[in-house]
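After the structure tokens below, expect a handful of questions from me.
So that you can tell them apart, the chains are marked A, B, C, D and E in the order they are listed, and the count of residues begins at 1 in each.
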Amino acid sequence: MNINWFKYASPASFYPLAGKMIPWFAIPAGILAFIGLVMGLFVLPPDFKQGESYRIIFIHVPAAWMSMVIYLAMAFWAIVGMVWNSRLSAMMAIALAPTGAMFCFLALWTGALWGKPTWGTYWVWDARLTTQLILLFMYLGYMALHAAIEDPRRAARASGLLAIVGAFNVPIIYFSVQWWNTLHQGASITPNKSEMAASMASVMLIMAVAAWLYAIAVALKRVRCEILDRERHASWVAELVTKTGQVHG
Amino acid sequence: MLQVSGLFCERGDRQLLNGLGFTLEPGKLLHVRGANGAGKTSLLRIVAGLLLPTAGEVCWRGKPVKQQREEYHGELLYLGHLDGVKGDLSSIENLRIDNELLGANADEATLVAALEKIGLRGFEDIFAKQLSQGQHRRVGLCRLLMSQAKLWVLDEPFNALDVKAVKLLASLIEAHLERGGMTLLTTHQDVPLSGARVSEITLGQTGRR
Amino acid sequence: MTVIFRTILVRELTLGLRRKADMLMTLFFCVIVASMFPLAVGPETELLRTMGPGIIWVAALLASLLSLERLFGGDYADGTLEQMVISSHPLAMIVFAKVVAHWLLAGLPLVLISPLLALQYGLDGDEGLILVATLLIGTPILSLLGAVGAALTLGLRGGGVLISLLVLPLFVPVLIFGSAAVDDAAAGLSIEGHFSLLGAMLIAALILTPWAIASALRISIE
Amino acid sequence: MTVIFRTILVRELTLGLRRKADMLMTLFFCVIVASMFPLAVGPETELLRTMGPGIIWVAALLASLLSLERLFGGDYADGTLEQMVISSHPLAMIVFAKVVAHWLLAGLPLVLISPLLALQYGLDGDEGLILVATLLIGTPILSLLGAVGAALTLGLRGGGVLISLLVLPLFVPVLIFGSAAVDDAAAGLSIEGHFSLLGAMLIAALILTPWAIASALRISIE
Amino acid sequence: MLQVSGLFCERGDRQLLNGLGFTLEPGKLLHVRGANGAGKTSLLRIVAGLLLPTAGEVCWRGKPVKQQREEYHGELLYLGHLDGVKGDLSSIENLRIDNELLGANADEATLVAALEKIGLRGFEDIFAKQLSQGQHRRVGLCRLLMSQAKLWVLDEPFNALDVKAVKLLASLIEAHLERGGMTLLTTHQDVPLSGARVSEITLGQTGRR
């Protein structure tokens, strides 16, 4: 069992595996997102209090969730990379960051758009909003540190360490909101008809799963590029290039 | 005994030390030679544990050093391009800290004696940044007089020293070898060391073109 | 172990006290920031009172950023950091001594001057006391977390700004709980929760960050 | 004369902006600093509106202080400053180019992003405009004055502290006039006075500080 | 022609250069010798105009240099202990700036040729901080290939250079003298320079005791 693990922990054997895995995540992600969006945008009835604008929730909430989960996932891979000294895990952490930052930005963006009709302003300095902004800066800091170091090995190790330290911060800023008076709450917009809540919840779930699958597919894609870039001197990359005749990265 | 095997090191896009290996035995000195940029400093830093090699291993007394970092560092003395002397502290203050960091347990009198021996008498209380380059470097060299380390790793220790100091340093190294110590050394200058204990390796100049 | 702690602590304090400009800079910045807002907002006492704790906290937090770059920068440039990394003493212990010294030189003066700032903002005695207490627990956390950022960015171009980008998000919880404690005390609410959270963060930081800083230094020194 | 100005300017900008990320870093830095205050003070919109200009000014001060040490520090440590001092070009001109670059990297991004911050803090259009204008005049003064302090404290003990303590308080009037202008505009008062004072300070600084900085460097380099 | 007369210099309680004076004529090299801390660097910095002497004067073409700072600096090339190379710029970027600061007006091709000649071909676009110590120093030495300065003031230029680079540097100095240039030099190493043009002064080691 262990042997299998370590076999795929080597970039050379993970590269083709990742290539085979990508469609298995990307295609379901597309299908689910399509279903979710059609249901959310056209099938479900408008909310009696907010009208149509509440539909943003189907993007907003999954994006907000993903932005937090992905940071934790980054830290997880960084720890694995550090403890078992595996290059692949460190690359996984790096590959996840842009996706996390994208979701984080999406949550902020949709939230701001939603804020205009509901709160009358794009932005308030509310705790939930501010901490989400802070999370975005944690991603940007991670990527900035990684970009600022020339040596790829040092870059991976340093930004991995940052992800681990930052991961402690994610739950703290998430829960710190509860000690804070906050404008942003879910309860006020939850429709009180229960069957609608249920259908809403299921659409949200579909969208969340789609976001998960998308994130994994993109991370795998990006890790493949990272592997090629990092292992460009390795013999297997040379073989790959001559075999497929393509020059990558 | 220091054993180095199968070292590879990638810096920038260049591949240095193609599988380098050697053994250094008590009482012996290994002079690492090579042109500028050949990888001498990289090698010495790997041996000192300051740089991770891409592949390969450094063993001390038969055991990989990464499994016994603190013991190994207790027996190691490394002097690099930077001499590790703090400009805002006086010479004697610098020595006190080095003494502690090396775990040398030398007392104050020994420190003063070391400064005197290295030719800095009268400069004990001057801030190191007010010393001349050679004097500054000498403060760093005082470590050789204090430590009981078995393995000396010296990266161009003769730089900036005048003729007298070069001789003194050479005699210190000889005495260290005499006592059964080991030395790993790089220098571009010709050094007055007796040949019997000295062996050499030359790192290849693998320029990038 | 304790000997090396003391040696490094004494060294850092000696160095810090020789470079008084750096220390004064931190204090000076904190005082300017704290004095600006009363000028801008005007003399409405009630308003100032509500703003006070928050502003003093932010001022302290930003001031501690100013000195972070110097925490390891000098030692990195002259090679003393190398010697620390390869000494036979635990690097985490050495690093811990450096951070303690940094707090004594940059954090403690802020704590000491805070009653004066509290007075400026018309906080009453009790609130002032609570402010000082939160700062006393909070500023060491800032120093410890800041040191991680400083260690990670050693020798990189972005310098001070890059450190801030890494470290400020980490400071957020401390800031939130620190300033909330004073606000809640003023509102007559219980503040035990805040204090135990701050205390827990301090203990966690004391235990974990020295190792993180030590590994960050090992990475950066390559 | 102009060639050397351009060369040094380009060099400094290259150093500061090796990557696109570096430019963004300063911008993000301003936004983070600006986000800290609401976290500490609380989200009451009216309060934040009054504090807005002050906060943005504090961010400006911090941004220029954080990068001041590196203004000459790096060049001093690696000997490039020596080469500048003994080049046949006027040192004041070289130094001026360095300060301009410093402002472009630390001051200008802040000026550019300030309308966004003003919006976030709920300042209205006119106030925002005035804020931008004060920053545009004020931040160069911060850079110029800061450079004098940086040159004096370069590798120098004792005397440097004293003189930088004389220079730093000059920051205060800039801050006060800068943020007061916005407040007064909001209150419907005339702001011409503030602007002419700031303008006069800028002109004086432009004329006098390059020489002061150059002589300070010559002294420090001994 | 460089004339130095009656130089005194006080550095941290010590009195250096007791009334030192000398003349350096076109085509000649003056080798300043002395132990560590004798005051060689101080002398060279005074000549370069980086340090003010307590007393005495430096004249260039018969006129005190402080009355013609910019003209004098236009004809001067100084290389000190620090090589004045910016780690965060690539080699070629460093040269471009030096070119401007020296007022050398060399074009891009000359700069590339200088890097090639000094042995840094293939390293043009590497950040100087990623170079080895000797390569770093070589980037600084490229100034000698670019500038048209009459007076070279070189403070231990052979430090950290490998044997080949030492030879190259010596030949550059010879060529400079040939062209009627002047050189003021300190070094602790023995240097292969033809004796005819070389004169020496030795600064006294006036230790503080």
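We adopt the following convention: a residue touches a chain if its C-beta (ideal position, glycine included) is under 8 Å from a C-beta of that chain, and two chains touch if they have at least 3 such contacts.
Keep in mind that this is a model prediction, so the values were computed, not measured.
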| item | value |
| --- | --- |
| Most remote chain, CA-based centroid, reference being chain E | A |
| Inter-chain pair with the most contacting C-beta pairs | C-D |
| Fitted rotation between chain C and its twin chain D in degrees, CA, nearest 5 | 175 |
| Whole-Å gap between the CA centroids of chain C and chain D | 24 |
| Chain A-chain B separation of Cα centroids, rounded to whole Å | 48 |
| Distance from the mean Cα position of chain E to that of chain B, given in whole angstrom | 29 |
| Chain centre separation (chain A, chain E; CA means) in Å | 57 |
| Residues of chain D touching at least two other chains | 15, 18, 25, 28, 32, 39, 42, 77, 157 |
| Of all residues in chain B, the ones touching two or more other chains | 11-12, 52, 81, 88 |
| Contacts with 2+ other chains: residues of chain A | 127, 134, 137, 140, 144, 148, 150-151 |
| Chain A partner contacts - residues on chain D that touch it in the complex | 19, 21, 24-25, 28, 31-32, 35, 38-39, 42-43, 45, 48, 119-120, 122 |
| Parts of chain C lying in touch with chain B, wherever the complex brings them together | 3-4, 7-8, 11, 14-15, 18-19, 74-75, 77-80, 82-90, 221-222 |
| Chain E residues within the chain B interface of the complex | 11-12, 34-41, 81, 119, 121-123, 126, 130-135, 138, 156, 159-166, 188-189, 207-209 |
| Touch list for chain B against partner chain C, complex | 48-52, 70-71, 73-74, 76, 78, 80-89, 93, 96-98, 100-103 |
| Chain C to chain A touching residues, read off their complex | 145, 148, 152-153, 156-158, 162, 165-166, 168-170, 172-173, 176-177, 180, 193-194, 201, 204, 208-209, 212, 215-216, 219-220, 222 |
